[in-house]
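Across the two complexes that follow, subunit A remains constant while its partner is subunit B and subsequently subunit C.
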Partner chain A sequence: MSAIAALPRSARIGARLSLGWAYLFSGAMVLFSLFPVYWVLATSLKSKRDGLASPPLWIFDPTVANYLKLWTHETFRHTFLNSMIVTSAGVSLSLAIAVPAAYAIVRMKVRGRDIVGVWLILAYMLPEFLFVLPMFSLYQWTGLYDTHAGLALMYQVHVLPLSIWLLSSFFREIDPAIDEAARIEGASHWQILTRIYVPCTMPGMVATAILNAIWIWNELAIALGLTFSKAQTVTLGVTSFRGYAALDWGAMTAASIIAIIPMLLFAIVAQRHIVKGLTLGAVKG
Partner chain B sequence: MSEIRFCDVGKRFGDVEVIRGLDLGIEEGEFMVLVGPSGCAKSTTLRMMAGLESISSGDLFIGGRRANDLMPAERNFSMVFQSYALFPNMSVRENLSFGLKLRRTDAATVAGEVARVTEMLGLGNLLDRRPRQLSGGQAQRVALGRAMIRKPDAFLFDEPLSNLDAELRVQMRGEISEMQRKLAATTVYVTHDQVEAMTMGDRIAVMDKGRIKQVGVPTELYERPANTFVAGFIGSPRMNLMPAADLLGDAGPTVDPACRRAGTLGMRPEHVLVGHEAGTVGIGQARVIRMENLGHEMHLHLRNARGRAITARVGSETCGGIAPGVTVPLAFRPEHLHAFDRTTGERLP
Partner chain C sequence: MPSAARRFGDASACWFILPCLLALAVTSLYPVGFGLAVSFTNWNWGSQLDYVGMANYADLLADVEFWTVMRNTIVFASAATGVEVALGFYLAVQVDKLAIRTDLLRALIMLPLMVSGIVVALMSKVMFDPFLGIVNHLLGLLGLGPSAFYGAAATAMPSVVAVDVWWQTGFVFIIMLAGLRGLPIDPIDAARVEGAGEFTIFWRIKLPMLRSLLVTVVIIRAIDTLKVFDIVFGTTVGGPGLATEVVQTFVYRTAYSYQQIGKAMATMVLFSLLILAVALSLQMLQRRGEAGR
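After this line comes the complex of A and B, so read on.
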């Protein structure tokens, strides 16, 4: 504000007005994006009667009954645990493959690097359900259908291109002379990768892992197509509250809130890394 | 220690040939400087020595052994890069000990070697710092320390002082020369700065467009340049080079007929004399265009009767009465004239 105070009167009014518009617009955007979350949260805290009231109740007696119900809901607990397993496996697998792949693309004279680049963009752009249809019978034949491993593997179709693409851009920021200096010192490519590249791009690694985790956690189409009961994920678990003739809105919204929490916590804790990672190299020191 | 020898080496990047027929020998314990303008392939030559670039044709021998296909680590060279290339995630101590630890050297030896190098380069209070916390000079010293600690067979330097300010550059120049003398290590040093080349190298290889134009000790390059390229590149201000008739002007018959027949004549600025003295040959009048006062000496930028630019280097105390616009007589001593072939540009005997 001190900068505004230093301006002449007319310019000061203009500057304050544009600042006011900026706040108003940002506030409207925040409200717009948070309203659905509020609505789901409010519904999850309403009793069955309040939840179905028309017009909707803005003031109500909150209850945690819906959340307590989830505690004993076997399917939801099972799908929640499945999501934890599949997300961990999917993220680990994606980094395990993407880190050396990105290094090879960036620093090694690999033939067909350009073709790999095109494939990365193409695979990322294709709708994930496209892969589910041909994989359905293959998965049943190989025994991967309705397994955690099968799901984590299938998710690589989407998260691997994104990971390789992101990590490649982080690795490109490292001075190639560092790589050469390490080679002259006697380091192998693997040692250079693990001792220099990975520690140097840790914020980028964390950002990539978080983006992958969020995508896998929220994915529905592949889970719907390639699981039946044993490996169903939390997004399917949320829909399990829809019966043949009735919808348990309270439990479903409570399940949605519970499903959001892990990724929300993950993102809050790692927010610093996400910002640092995604802006890695954007400003040179 | 190692002798390094290039035999008819060529290097291509796709269809572009950057080095052709390179023959160069670097003796054991010698300080060889590769110097040349940007894009002359001096860094590529160094990188081929290091094993960072493949060799397209010909042979490279290190210590008598063919080394074309040896991995960088197998050559046991150390290299100091222009950007220092310190590992940003490691402390100075870890940077120094990186190579030794990779070779599974025992901890006590590593600590001893780190202490030795630290002492030698005055890095004592920097050991726990990260590279980003170092100044340019400190980072350069750490890079030097990392190169020294393994006791390599040869040191390779790729324009290591380019990022330093002028004062620090002079200081580091001295330190690198000192270190090389102390260790008596084979050293190959790439630079585009001819002052660095002249002051540091035992021998200098001047390169242009992927070819070596002359190899020799600094005084030889300065006093007897093998061609017009070397004559123009070595020395600052650069040698006055122009067609014989344009330089000699009315000096006519007093000059050696061989020089008169030469296509191009060269004369160092310090050999252009302002005013006649006994034993000198006059080359006519020239107008002073610009004067650069360096304190102890003056650089006079002149234009002669034929419109040719001539630079003269004279002592500041001898410049009384000289000012821009003034016309002065120029002269030279015949033994200071360099003659080059009209078509090839090669030195005439």
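After this line comes the complex of A and C, so read on.
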């Protein structure tokens, strides 16, 4: 405000108007972002009759009937569990592979480093079905089709590049003089990585894991192409309610809310990490 | 590179990076190679497998449906990228002015990013319902509408674009806000002392410094929107008619419903070339911009 007070009168009014508009516009965009989520949550808490009322009801008797019904919905519960398994497996696998790879790229002499870099960009950038269709037949031959392991493996095509970009940028922040010193003490690269790099970049590891988890949890095309029933993920569980659109909004909206909740918890707990990861990912990618 | 790297050579580096190369080989090199080979055949997932040369490509290029799908995809990607970048950047500029802590605001605006595409799609079906949906109700209060949204060819594509805008504008916002906050303060203060207005400062100082980041965001959004699948699959499934059919839903249908895997792979190969061309040309734009400064 003091900056504004220092301005001449006409400019002062202009600055106030501009600041007022900034608040108004930001507020409107918050509303724009929140309203659909609120509305779907509200719809999921309506009885079937209230949900299909015309005009739409703003005030109604909330009921958890839709959620109770969903709880007894065997298939949906199964897909939710599958997603937990596949997400944990996919994230663990990506870190296990990407941590040493990022270390090697940043701190070791790797022949063909540039080729690996281009390969990562291509894997990240090219469309899902380019990979999924050929994998469909490979997975059928090898028995990986419709398994958690097959899905977790296939997700690496997207999460590995992102993980390596993020982890390399975190590793670069560590002073190379530290590994020099450790080498002189007789430490191996593996010890330097596990005793120094991993502990020092823990927040970065968490950010990477969270972004990967969000991506895997929300992914549809790969899961659609490579699973049938046993390993179907929650996005497919939600998709199965698509046909109900005109009939049963309660089940569809309740399933949507349940599918969102784990990621919302992440967003609340780890907002800073997510922002950092997204920003770095954009700059590196 | 520090001398440590030279002293210890390549031998252990190989073991550090090998799992990554193996995983990438299985999940990307193999499918691209195998898929490329399949695109020259008439394979139907089953026993029918004959080499047909360039027939799939020739058929596609002569197919009206293919060009409609391509046009739809490009229209969707341009519209969605354009609106998201403009809106997200403008919002970042406005939020950057605010004199309050903006953590909560940022968290609320990035909420849609946490939602999966398929859930976004189903949410929009509830809200865009032509008869009972809240959006037509609100439009009615303003004396507008009602609109058929997904139900009519003319409004289906704009509706899908609107859904993507809701979903992904937060991404542009977060990146550009971080960019604005990271700008050096000195040149801006100097200009202010010289009597430059906020408008001039934005266009002459901030925007040129953010140009490279802005192009990066455009590249990311352009590629991502070209690859659109979830929100079309979850809402219109390409309809009505072919009004919203995009490349990836078209390929899914060709491969899984019609079992024309050769044709589907040929489509994916052509489409991948398009994505590469878009990415490379945007990147050249970025390089030229940097060289020009």
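Points worth noting:
The criterion applied here is as follows: the second predicted complex is superposed on the first by the 249 of 285 C-alpha atoms of A that agree within 3 Å, B and C clash if a C-alpha of one lies under 4 Å from a C-alpha of the other, contacts with A are read in each partner's own complex, and residues count from 1 in each chain.
We take it that contacts are C-beta pairs under 8 Å (C-beta built on N, C-alpha and C of every residue); 3 or more make two chains touch, one makes a residue touch a chain.
Just so it is clear, the structure is predicted and the values come from calculations on it, not from any experiment.
Once the two complexes are overlaid on the shared chain, A:62 sits clear of subunit B and of subunit C alike. Residue by residue along subunit A, subunit B and subunit C are tallied for touches, and C comes out ahead. When the two complexes are overlaid on their common chain A, residue A:214 makes contact with subunit C while staying clear of subunit B. Within the superposed three-chain model, A:143 lies out of touch with both subunit B and subunit C [touch as defined at top].
In the superposed model, A:199 lies in contact with subunit B only, and not with subunit C.
In the superposed model, A:29 makes contact with subunit C only, not with subunit B.
With both structures placed on the common chain, the touch criterion links A:183 to subunit B and to subunit C.
When the two structures are aligned on the shared chain, A:20 is found in touch with neither subunit B nor subunit C. When both complexes are aligned on chain A by C-alpha atoms, subunit A residues 177, 180, 183, 285 touch subunit B in the first and subunit C in the second. If you check the complex, the residues on subunit B that touch subunit A are 50-52, 71-73, 77-79, 81-83, 85-89, 98-99, 102-103, 132, 146, 150.
Contact residues on subunit A toward subunit C in their complex (touch as defined above): 1, 11, 15, 18-19, 21-23, 25-26, 29-30, 32-34, 36-37, 39-40, 43, 52-56, 93, 96-98, 100-101, 103-105, 107-111, 116, 119-120, 122-123, 125-135, 137-138, 153-154, 156-157, 160, 164, 176-177, 179-180, 183, 188-190, 193, 214, 217-221, 224-225, 235, 238-239, 241-242, 245-246, 249, 252-253, 255-256, 259-260, 263-264, 266-268, 271, 274-275, 278-279, 282-283, 285.
Chain contact summary for the complex, subunit A toward subunit B: residues 175, 177-178, 180-187, 191, 195-196, 199-200, 285. Looking at the complex, you find that subunit C touches subunit A at residues 1-10, 12-13, 15-17, 19-21, 23-24, 26-28, 30-32, 34-35, 38, 45, 90-91, 94-95, 97-99, 103, 105-112, 114-119, 121-127, 129, 131-134, 137, 166, 170-171, 174-175, 178, 197-198, 213, 216-217, 220, 223, 226-227, 229-230, 233-234, 247-248, 251-252, 255-256, 261, 264-265, 268-269, 271-272, 275-276, 279.
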